[in-house]
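One structure coming up, written as structure tokens, with questions to follow.
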Amino acid sequence: MRLSTGKRTRLHRMLYEHGPANGTLMILPIDQGLEHGPVDFFDNPAAVDTDWIYRLAVEGRFSAIALHVGLAQRYHAAYAGRVPLVLKVNGKTSIPSDDEPISPLTSSVEDAVRLGADAVGYTLYVGSPAQDADILQCNEIRHDCERYGMPLVIWAYPRGAAIKAKGGQDSLYAVDYAARVALEVGADVIKLNQPKHNAATASQMPKPYDSMNPDELDALRRVVRSAGTCLVLVSGGSKLGDEDTIHKAHVAMQAGCVGLIFGRNMWQREWEEAMKMSGRMHELLKGYTQED
Amino acid sequence: MRLSTGKRTRLHRMLYEHGPANGTLMILPIDQGLEHGPVDFFDNPAAVDTDWIYRLAVEGRFSAIALHVGLAQRYHAAYAGRVPLVLKVNGKTSIPSDDEPISPLTSSVEDAVRLGADAVGYTLYVGSPAQDADILQCNEIRHDCERYGMPLVIWAYPRGAAIKAKGGQDSLYAVDYAARVALEVGADVIKLNQPKHNAATASQMPKPYDSMNPDELDALRRVVRSAGTCLVLVSGGSKLGDEDTIHKAHVAMQAGCVGLIFGRNMWQREWEEAMKMSGRMHELLKGYTQED
Amino acid sequence: MRLSTGKRTRLHRMLYEHGPANGTLMILPIDQGLEHGPVDFFDNPAAVDTDWIYRLAVEGRFSAIALHVGLAQRYHAAYAGRVPLVLKVNGKTSIPSDDEPISPLTSSVEDAVRLGADAVGYTLYVGSPAQDADILQCNEIRHDCERYGMPLVIWAYPRGAAIKAKGGQDSLYAVDYAARVALEVGADVIKLNQPKHNAATASQMPKPYDSMNPDELDALRRVVRSAGTCLVLVSGGSKLGDEDTIHKAHVAMQAGCVGLIFGRNMWQREWEEAMKMSGRMHELLKGYTQED
Amino acid sequence: MRLSTGKRTRLHRMLYEHGPANGTLMILPIDQGLEHGPVDFFDNPAAVDTDWIYRLAVEGRFSAIALHVGLAQRYHAAYAGRVPLVLKVNGKTSIPSDDEPISPLTSSVEDAVRLGADAVGYTLYVGSPAQDADILQCNEIRHDCERYGMPLVIWAYPRGAAIKAKGGQDSLYAVDYAARVALEVGADVIKLNQPKHNAATASQMPKPYDSMNPDELDALRRVVRSAGTCLVLVSGGSKLGDEDTIHKAHVAMQAGCVGLIFGRNMWQREWEEAMKMSGRMHELLKGYTQED
Amino acid sequence: MRLSTGKRTRLHRMLYEHGPANGTLMILPIDQGLEHGPVDFFDNPAAVDTDWIYRLAVEGRFSAIALHVGLAQRYHAAYAGRVPLVLKVNGKTSIPSDDEPISPLTSSVEDAVRLGADAVGYTLYVGSPAQDADILQCNEIRHDCERYGMPLVIWAYPRGAAIKAKGGQDSLYAVDYAARVALEVGADVIKLNQPKHNAATASQMPKPYDSMNPDELDALRRVVRSAGTCLVLVSGGSKLGDEDTIHKAHVAMQAGCVGLIFGRNMWQREWEEAMKMSGRMHELLKGYTQED
């Protein structure tokens, strides 16, 4: 990758100085309180305390923690230097309709610089009828990232009424398109959901996706290819059983992803379970060392 | 709390130099003239005169008074230094439909600095279909608060058509979510309404809230927990009888709130009654001293 | 009033150096060409010539003339220093629907400074579904007024679909609310229409207004009280007979207003009649001297 | 007129140094390619070449040529100094619905300064439901005109659904109102269409216009009066026969206009015919000399 | 052409230092990943790798490559100086409805300067109901192009509901109008689709287009004429057979275009085929040398 000195320095910190530190990434996201509400903490009530999450990030040896400015300002100082910060700069609630979604800014790249962050995260709702405003807002963030040497992680999420009508947000069509859009608009790292085949809605996808049905590994490989030379992270999504979680991580790494960004699959487990899962992730990621 | 020097200085003034001065807060809000109209002054016509409200704030030994720039500019000077000012920087009337509410700015953080305020108040309509514009506007205020060391009090109010459809603005679902959103977007202090169980609409709440029915203290404790380390104030809402008012305050403090922001329950009482109620609040708050 | 030096200086010019010069105000507005079109000049065709209006303002010894930048730039110079200028900074036509009204800016506070104005006038459509944009725009004007020491006169006009549905723009409910809003958002002077009881629509007003029916003097007194310490001007509205005009002025002053802002009731009269009416206004205002 | 030195200098150039040079104006507009498309050049294909239009402007001795930045940048240099430039700073296509029209900016007053223009042209769609944005945008242009001493020519065009419903864009009601609006918002020169009586729609006009039917000269005189001391130009509109064109020009000058802005009536004629028509215009305008 | 030194220098690089280098242009666009999604790479999977495209641009001796900032930042450095860059500064996905299209900015003219680009590309959806925002945004890009001496290539694309209703995006009416609009708003180079006669929808075109049916060469000549002195590029559109591709190129050059901007017709061919096609294009363009 040809990156500016600032971006290279910050990415290096996440890739080679924290977490597995072998060129893979294991990021702990905790923006679900805004996106889904406190309900996500019901299974493991300890997780409503961001301090608990931070301890997990540090003791579970994550490459970075990803959250909004409110949490970063209140909780990060106690862990400063011990886990890199990905400042999530936009977000929204799930309360009103998701037909024309856009996530407004909750902070700025300058906030990220001030807080010592090593990257910013931006949610781009690919295919939303509000894409005009979304891409424009993303462009402003990208511009500031360029200015400050801040890596840009794009949460490339297909969403909105048109996506629903064309096979849904997890369809190969949607995820594949989203990966490419993130590449084109200037992501350094792309966070994606694994595409899932849904027999009930497959025929709604545009041609020729409607007649394609690759296995999960091939599907993800396609998507990774569409992301070009961007680093790709796979989201964990809602909580899975232990083996399913590990399987998902395995597929991601086999498909060529740089790592994992699993939130609920980490902190919806109790402490010991979460630490155990984090250990298994480390074990798995060891097998995918990328030279510096 | 890890706060900037400016925020710490200003919060200290409200927590330890005015009002109960024991780490609790007792704030007198007078923005109802904008939010509801002069009708709120009909029960106690003296209250239409902001000077009367100011005398109540000073003689009733409140931690701060909260109002809009028009009132602050015309009435605060006579009481400057005797009661801290929370400048309410946005608001709206209740005249048009409340389906997609947003409160436009009526002043700025710079106005707050100019007027010697110790905090600003921002109403965030959590869950409003206009959340895009609202969160964005809130972000600008938060940014200025950071810049000037001004504490940010978020009026975290669930509102709008989707909230109405999901159990209403006082449901545990709505208030709990609102508390978390305020934390995530960077509040220092969060003003909330006490959640109320409504048997008629409980089933409209998303799972698992639809099957929960904690008692009022547990419900508020949950919400306080969702607010993380933010200080939480409970609103008074419309006027209650004396004992109900005290009970509400009692529940709030038991649940871990930092204090009370009761308006109509203060100034819709005549002078002697209002002073008496203020005295009882002081008495109650004495029991919740927080070391500096 | 506690006002900045600039605001005080300029208000003093209107209150004590021009017009009745006894602390009352008699302002001549001529923005109806924009608001209603040339039709307002049909009864007295001379008035289409702004020069004629200016002569009336000067020879009729008005406290100020209120108009838009286009007229100010073309006609004021010839009368500079002889009559204070209130620059109306926003306005609109009456051609499209008035359901969601907002008046866009036609000039700026800086224009007012450049033109030597002693105040700016801003129309706020209280209760309009466009209140978000309107209050925000008003806030910007208020901010500039603060910066330049320019008094802010708010045309506090209830308007829009919701106002129509709740008793109409002249209802006590609407005018009372509008007065309070103007106070809260930072008016120095508030221009209001006299509330009118309309038996046909009274029941549409929110409680308890729907069951109130004070006489016209009491109604206006209530509104003046809701305006706090702001100076209140009563609009003339459409043309009345001589005695009705004087009666309206009389009620306004009895109710505690600072003065009158009568346009059509002045310049829809021919020269001699207009001068006579202006004389009678002066006579009346003499009785309401306010010490400097 | 009391105008700034810059405005006076530039207007003088058009009024007394080019064209008839006797205080009248004869302006050649060529923005129809944007407003109507290439179809306007079908009758005289030579006119699609802007160079041809420029030769007509120079050899036909026009006071100025009016066009958009794209044409000005590509074609004006060859004729610089030989014909003044009115830079049209906003425009739109006629393709989508005209129910809520507004013309976005295609250039700026600074572009006009850079290109050596002697005025800018702004289309204001009086009565459009988009008047909020339009008047605001016009205000910004006016402000820049003031700053740079650039005369502002307002194309005062009644348009939109409400205009259609109230008698149409050529009704006396609409044109009369438009003239006044342009005056109020700060035009130096106003471009208008001649009002036309339409028996079929006259009753749709608001009172008392619905019962008025002045002859064409009186109608235009009314409109000129509504424009105050602004200079008024009459548009040519779609192509007329020779005598009708001359008659229209004659009526305009008799009614007190400063001149003509005829486009299609010029360049939809072939060269010799166009030159002949330009000559007849010059002849006519000689009779309306205004002393400098 | 009278162009600024910067624009002249950069255009010269594309016209006389790269590609055919004889005053014609052969540009390789690769923005389809954003506009259409990865599906466009299915026929030739190698093309999903932008590096492959770059090799084609260099070895196929193109005048320039046109793409978005994300691709430019990641892939251009390795080929810097060997192929000029046209930075595409706006774009959108094809997922939501195309009834009111507008392409938001994905980068800026300053990005283009920073990346050493020789032009920027802007998509203007002529006739879109969103033309207000589109023309305005285009104006800002044009202004920055002027400031930095950056040539502006306008993708002049008729689109949106009104275009569909008036004969479609490939109709002569639509393409002809689009060419003129691009000229008027300040394009240096205009990218167009060849107009196509569609008997089924011809009657929907406005008069007199509805009764016109020139052959394809005449049709394109008309359009080129409407573009004035702007340079015109013809798009390749979806993939054609070899002879049809060459025929399209031939017609374009015969009609007076400066060159070709064929994407899918290049990189949807495998390497050898693509190189062969590029060779044939060079051969053809040799016949249209324009002196420097």
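Note that the chains take the letters A, B, C, D and E in the order they are written out, and that residue 1 is the start of every chain.
The criterion applied here is as follows: contacts are C-beta pairs under 8 Å (C-beta built on N, C-alpha and C of every residue); 3 or more make two chains touch, one makes a residue touch a chain.
Computed from a predicted model, the values in this text were never measured in an experiment.
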item: Shared chain contacts [chain C and chain D, defined touch]; value: none
item: Reaching chain E from chain B through chains that touch each other, fewest steps; value: 2
item: Rounded Å distance, chain B centre to chain D centre (Cα mean); value: 56
item: Whole-Å gap separating chain D and chain E, where each centre is the average of the chain's CA atoms; value: 35
item: Of all residues in chain D, the ones touching two or more other chains; value: 133
item: Round-the-ring chain order [start: chain A; next: chain B]; value: A, B, C, D, E
item: Partner chain D, residues of chain E touching it in the complex; value: 1-2, 126-129, 131-136, 139, 142-143, 146, 158, 160-163, 166, 173, 176-177, 179-187, 206-209, 222, 225-226, 228-230
item: Chain C to chain D touching residues, read off their complex; value: 31, 33-34, 37-39, 42, 48-50, 67-71, 73-75, 77-78, 91-93, 95-97, 102-108, 111, 130, 133
